[in-house]
Amino acid sequence: MLEELKEIVYQQNLELPKRGLIKYTWGNVSQVDREKQLFVIKPSGVDYDQMTAADMVVCDFDGNVVEGHYRPSSDMPTHAKLYKYFEEIGGIVHTHSPWAVVWSQAGKDVPALGTTHADTFYGAVPCARFLTQEELDTGYEAETGTVIVETFKDRQLNPVEVPGILLQGHGPFTWGKDAEDAVMHAVVLEEVCKMNFFTRQLNPESPDLPQHILDKHYQRKHGKNAYYGQN
Amino acid sequence: MLEELKEIVYQQNLELPKRGLIKYTWGNVSQVDREKQLFVIKPSGVDYDQMTAADMVVCDFDGNVVEGHYRPSSDMPTHAKLYKYFEEIGGIVHTHSPWAVVWSQAGKDVPALGTTHADTFYGAVPCARFLTQEELDTGYEAETGTVIVETFKDRQLNPVEVPGILLQGHGPFTWGKDAEDAVMHAVVLEEVCKMNFFTRQLNPESPDLPQHILDKHYQRKHGKNAYYGQN
Amino acid sequence: MLEELKEIVYQQNLELPKRGLIKYTWGNVSQVDREKQLFVIKPSGVDYDQMTAADMVVCDFDGNVVEGHYRPSSDMPTHAKLYKYFEEIGGIVHTHSPWAVVWSQAGKDVPALGTTHADTFYGAVPCARFLTQEELDTGYEAETGTVIVETFKDRQLNPVEVPGILLQGHGPFTWGKDAEDAVMHAVVLEEVCKMNFFTRQLNPESPDLPQHILDKHYQRKHGKNAYYGQN
Amino acid sequence: MLEELKEIVYQQNLELPKRGLIKYTWGNVSQVDREKQLFVIKPSGVDYDQMTAADMVVCDFDGNVVEGHYRPSSDMPTHAKLYKYFEEIGGIVHTHSPWAVVWSQAGKDVPALGTTHADTFYGAVPCARFLTQEELDTGYEAETGTVIVETFKDRQLNPVEVPGILLQGHGPFTWGKDAEDAVMHAVVLEEVCKMNFFTRQLNPESPDLPQHILDKHYQRKHGKNAYYGQN
């Protein structure tokens, strides 16, 4: 089932090492079929060299495996939660890309310091809190999803406008309209984390991008008056 | 029209990812035909893998599209302004190369700390101010060009001697006698931004290159007594 | 003798430059045959381009060469000591990978700041002290092994749970159930050293990973309740 | 003349971009024929893609071109001086490799913080002073050689034991028994400059390598009791 989607998810998982976002199997990509309420995700810990599209695993939004000869990524329940609660997203990526991990380990939101950021993220990318012992006992990966949803709610953020988050002490999750879009957001977030780190080292007083320029750049690429690209 | 120029501009756009200056479509290169008062530039947001020389767009110095089946780069009006006011330049490059972005986001001029800098830029590379709300309303990209020209005028800089600038919160523009030259200047600026960042971290008191050595290195490569290379 | 093991050790030595851990011949990998109480290691200072599996050297746990037409790696006596005293390990790697060297030269333990660390190392990776003049006189490389063993004993660390160490002023040793596992640990340690450096620069107060999350991540991948991967 | 030497020098120049030490034509390698008192060096500013072994230029120790259809590297007179005064060296390399430039621009000697350093450089690598206006007027490149020789004399350093130097505000020169050896020393110096920068950032109090370990590592690879490698 969902053969076409498996092929897409397989290809987008291969993008992670190709774009320098992961080593070994330290990441996972999924994409959803909103009509069937199912998503396809990478299997857990399988070598990229040996993995095929047929090895992808089909799951539902409650975190059950619907089809697959392998176990899904151990982070699958996080993806399930996000598809359930962020109804407009179509693809999800998790990595341990180094610069996003640096900000995650430092426990800091990624400020919007420049237009590279503003072209994709409409404001700072939040860093979610550590999970509690109780949440770990309930179910680490599903509760991670819950904490992400809670963070967006608490901060009144729109997951379409801010398509990503950091998990303290862990790393980034990004999402988008499909898996390819989510991978691109993972690349942008990694680049922004790198550039913002050095910016703040060079000038600890470097200002956030002024609101009017943030608005301009985000709207140049997104929304009804967008004029970037060919569409 | 301008088929030869389209081929050159196409090839030089491909140099940007090849030289590690951009990811995805985050940059653009143009070259001018001074006789015809037209320039050729990359189309907006088209995948490098699928782009051909025939997809390049021809524009005039007032920012009108003269020929092309695609929209030009959204930064096209900036290029138009620069060709109009910097009459000696032949090619322009814009990127989001990370180290130049770091200095842009920090809002700092790039000091001339070494001979790598002095071989190409005769003195510090300026960082232009943020645009105002009013300028955004007038036309973001064209006004960006105006601010670049204004910065060179205010600081009494010669765009031939200092072939590049940073835009605060955004990234670098470089230029040269043609597109290839402008790309090389983008590479030099990126390398200099990286080396100068670490130099100042290693020794916050590291001095600017003494004026007599700056003069020597710049003149070794440029002007009537140049003796570097084979010409 | 041990032809199969030689092939494995040869292949894993080639992984070092491929994974960006070494330049030239600045590293070595070995793997043990516990039944025969012998291990196979790379020869000293032989170009990777010209090296073959047949050039690998067979040694015993007292640091004697048992077979080989080349001298073994000059660090061979360190490997011998580790196989002798860490009875559960099957493969060893030594490199001068830059980020691990940075922490070694700084003389600092690598703290467990994130889950990338916790997936492999159950707690901080220790940095062992400089050797004394007396130890150098006794035998530099063998005494290096002794100091590693002593460090684990003094700190009551389990070499299976913390499969690596830094040597002050020098670089990392890692180990694992076989050579491939030890190489993976060398990659993880290098990545963690890089990310932790920048984390502490970004936020000097960035906390250690809370104990309950360290436990969770380590146990998700190791031990009897592990559920990562397909086994 | 010297066809074999031209081939060697050509090949070693190609190593510079391959090993990530230079961009474009920002470096040069030479090797000497001590019997004939001549050396072969790269031509100035010729594209590496188009350069052939036959394009190499033959010069003497007074900086005269003896044979060649191209102008030699503009740094040729520096090489000439070094061959003249450092009688034991056989090959020379100059680059603008970024980490060595960082230390050069900061005007700082590179301390011996670790064994990677001690395996090649017996003590700190000095940073020579800026040239004066008078020296520039006398002849920039030849006087650069004079300042290098002066620095080694003043500090009582042996160019065989410390096969390299930094020029303030410029970059590194390294040398060795032949061009290949000099290239390897350029790679080591670049790596050491990178690692030492981050070491001092991580721990501003990180100590120099103790003298007895510096001695041990240098002598393990050099001199009559060396036991590293196969010779």
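We just call them A, B, C and D in the order they show up, numbering each chain from 1.
Following the convention adopted for this analysis, a contact is a pair of C-beta atoms (placed from the backbone, for glycine too) under 8 Å apart; a residue touches a chain by one contact, two chains touch by 3 or more.
Computed from a prediction, not measured in an experiment: that's the story for all the values here.
Peer 1: Centre-to-centre on C-alpha atoms, which chain is most distant from subunit D?
Peer 2: So the farthest one, by centre of C-alpha atoms, is A.
Peer 1: Expressed in ° and rounded to a multiple of 5, what is the rotation angle of the C-alpha superposition of subunit A on subunit B?
Peer 2: Here the rotation carrying subunit A onto subunit B measures out at 90 degrees.
Peer 1: Taking the mean of the CA coordinates per chain, how far is subunit B from subunit D in Å?
Peer 2: Roughly 33 Å, centre to centre.
Peer 1: Determine the centre-to-centre distance between subunit B and subunit C, using the mean Cα coordinates as centres, and give it in whole Å.
Peer 2: About 46 Å, centre to centre.
Peer 1: Any chance you could list the residues of subunit A touching two or more other chains?
Peer 2: 201 - these are the residues of subunit A that touch more than one other chain.
Peer 1: Which chains are in touch, pair by pair?
Peer 2: Those chain pairs satisfying the definition are A-B, A-C, B-D, C-D.
Peer 1: Flag every residue of subunit A that touches subunit B in the complex, lowest number first.
Peer 2: 113-116, 184, 187, 191, 194-196, 198-199, 201-203, 206-207, 209-210, 212-213, 216, 220, 227-230
Peer 1: Over in the complex, which subunit D residues touch subunit B? Could you list them?
Peer 2: 23-24, 26, 43-46, 70-71, 74, 96, 98-99, 101-108, 130-131, 133, 136, 140, 169-171, 197, 200-201
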